[in-house]
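Following are the structures in question.
After this come two complexes, each holding chain A, first together with chain B and then together with chain C.
Up next, the complex of A and B:
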């Protein structure tokens, strides 16, 4: 692989980044080659020291996904950031993906529970096939719906906090796992 | 990286060279790290013409960067002292 092939491959991977970011990074790598040439290093040597473009690109893409999720934490952006992190190392399947899926399932469960409470009046009416309800059951329904609302709102708040925690964990993970990636390469 | 830039503004290649002299790491992965530190506001960057070759992207440490750096140095020193004491204790 020569310099142009290397840069082209890197550029292909980095296309997924915002264009101005991609251009800036490509400029930086071009600069690296030029500086190395000035200090008398051969292209082949520079390329072997740099490491595989795919590896570098994966790190950059993961960073960018985490930043994006940090700016607008939604289920989609956070999941993307998690998946990008998992692509960095097999070990992340265990320490990132597994906890993420587990905790997400728990949160989904609580949401389902809240929704059940919210629609409980409808369910009750369907079950008894009548609209003639005693005062007692009306109070019961109001109570259930109230609790349902509280649980739903609470979980929504909690989910936002949870996204925040996930992103912080991913950022931390990036600093730790980085050492593994680089020492493997070297 | 923070310490190197706190001494003077550095351009990317200079930092990569300094770091890869001391540690066996893939040079290409230093750029993502630089980018992350800049994104976290620890570095600011500017382009500057150089005597030879094209304009270079320089990294300048920010006040926040200096704060983080001294925190990390303290942490490291405490860690190193701890390790030293354990090694000494072990050889008694």
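Up next, the complex of A and C:
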């Protein structure tokens, strides 16, 4: 494979990125090839050092997803970043996806609990099916809604912190993978 | 954003404070959802042609006791909140020699139940039944010296205790222990518990007995005179005890 074929294949894989980001990365790779050429290294040498375009692209896509999630952490962006990281290696199924799903389930459970507390007046009226009994429970309803508000607020804050921690963990994971690849190549 | 979350926190604390104060006042007035009331539903049932009795409940404990007279007496007692007092009833049917007593819980939606403790006590006259069957989903079962040819006792998550003269015993529970105190082992006994101990105590030492034990991690102990290699004498009733994690024991 020569330089052009390599860059073409890489560009094909990087199509998933926004056009500007893709163009910027492709420019960097062209520059890398030119610098190597100036310092007397052959194209084949540079290609073998860089690795397969598919693997390089996967790593770059993951990095991009993590950066996007870092800029605007939402459930969707964080999940995309996690899925991209998982695609880097089977082992990430265990050390990334599994803890992510487990912790997300716990947070979702707390959210459901908070929603149940917030709608507890409706649930209690449904339970008692009597206005008199519901009136007796009016203070219980107020208290439950209050607790629900506090739990919901706390969980929202916790979720933001959780997204931040997940992104940090993904970045760390990516660094470790990069180090592993470098040491393997060395 | 920060301002809004501070306002929500204030509102939440205000609601909680109002809820606590209001509930304390309502409790003192006896009208809060936290006030508990005694439940007592009593129903006599004529023995008539009854040869077997089936007792069923989804929650709560079941006590079976012997009784003087010729009527079965079913009493549903316990404590629950005012709102749920009318939810528990006894459903009694008699058909083809079987008397069935069932604790019926109004199946309306339940979101919030502060406290409910139920106990079904059934007094049975001193006539020998063909079968006494007791089934509960989540409570312990206590069978006193009521006469029956066969005892079938099943609980999903409670302990089972039998204090009887003799008869075929079939006891089954998922998480509780099983204790059977009997005068003599004259009929087969089959007891299964997933995680509880099983103990069979007999007042008279059997002349003949066969045993079968299955204990994954528990111990097996038989302290009956003449017991050796799973037998006493020749033939006799079979005592089969199975537990995954509990200890199995037959003693005099």
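Note that the second predicted complex is superposed on the first by the 163 of 186 C-alpha atoms of A that agree within 3 Å, B and C clash if a C-alpha of one lies under 4 Å from a C-alpha of the other, contacts with A are read in each partner's own complex, and residues count from 1 in each chain.
Methods note: a residue touches a chain if its C-beta (ideal position, glycine included) is under 8 Å from a C-beta of that chain, and two chains touch if they have at least 3 such contacts.
Nothing here was measured: the structure is a model prediction, and the numbers come from that model.
Of the two partner chains, neither chain B nor chain C is touched by A:118.
Once the two complexes are laid over each other on the shared chain, residue contacts for A:144 go to chain C alone; chain B is not touched.
Applying the stated contact rule after C-alpha superposition, one finds that A:51 touches chain B and leaves chain C untouched.
In the superposition on chain A, A:95 makes contact with neither chain B nor chain C.
When the two complexes are overlaid on their common chain A, residue A:11 makes contact with neither chain B nor chain C. Contact residues of chain C toward chain A in the complex are 5, 8-9, 11-23, 25-26, 31-33, 82-83, 108-112.
Looking at the complex, you find that chain A touches chain B at residues 25, 27-29, 31-32, 34-36, 38-39, 46, 49-53, 55-56, 59-60, 63, 67, 174, 178, 181-183, 185-186. Listing the residues of chain A that touch chain C in their complex gives 116, 120, 123-124, 126-130, 133, 136-150, 153, 157.
Considering their complex, residues 11-14, 16-17, 20, 24-29, 31-33, 35-36, 39, 52-54, 56-57 of chain B touch chain A.
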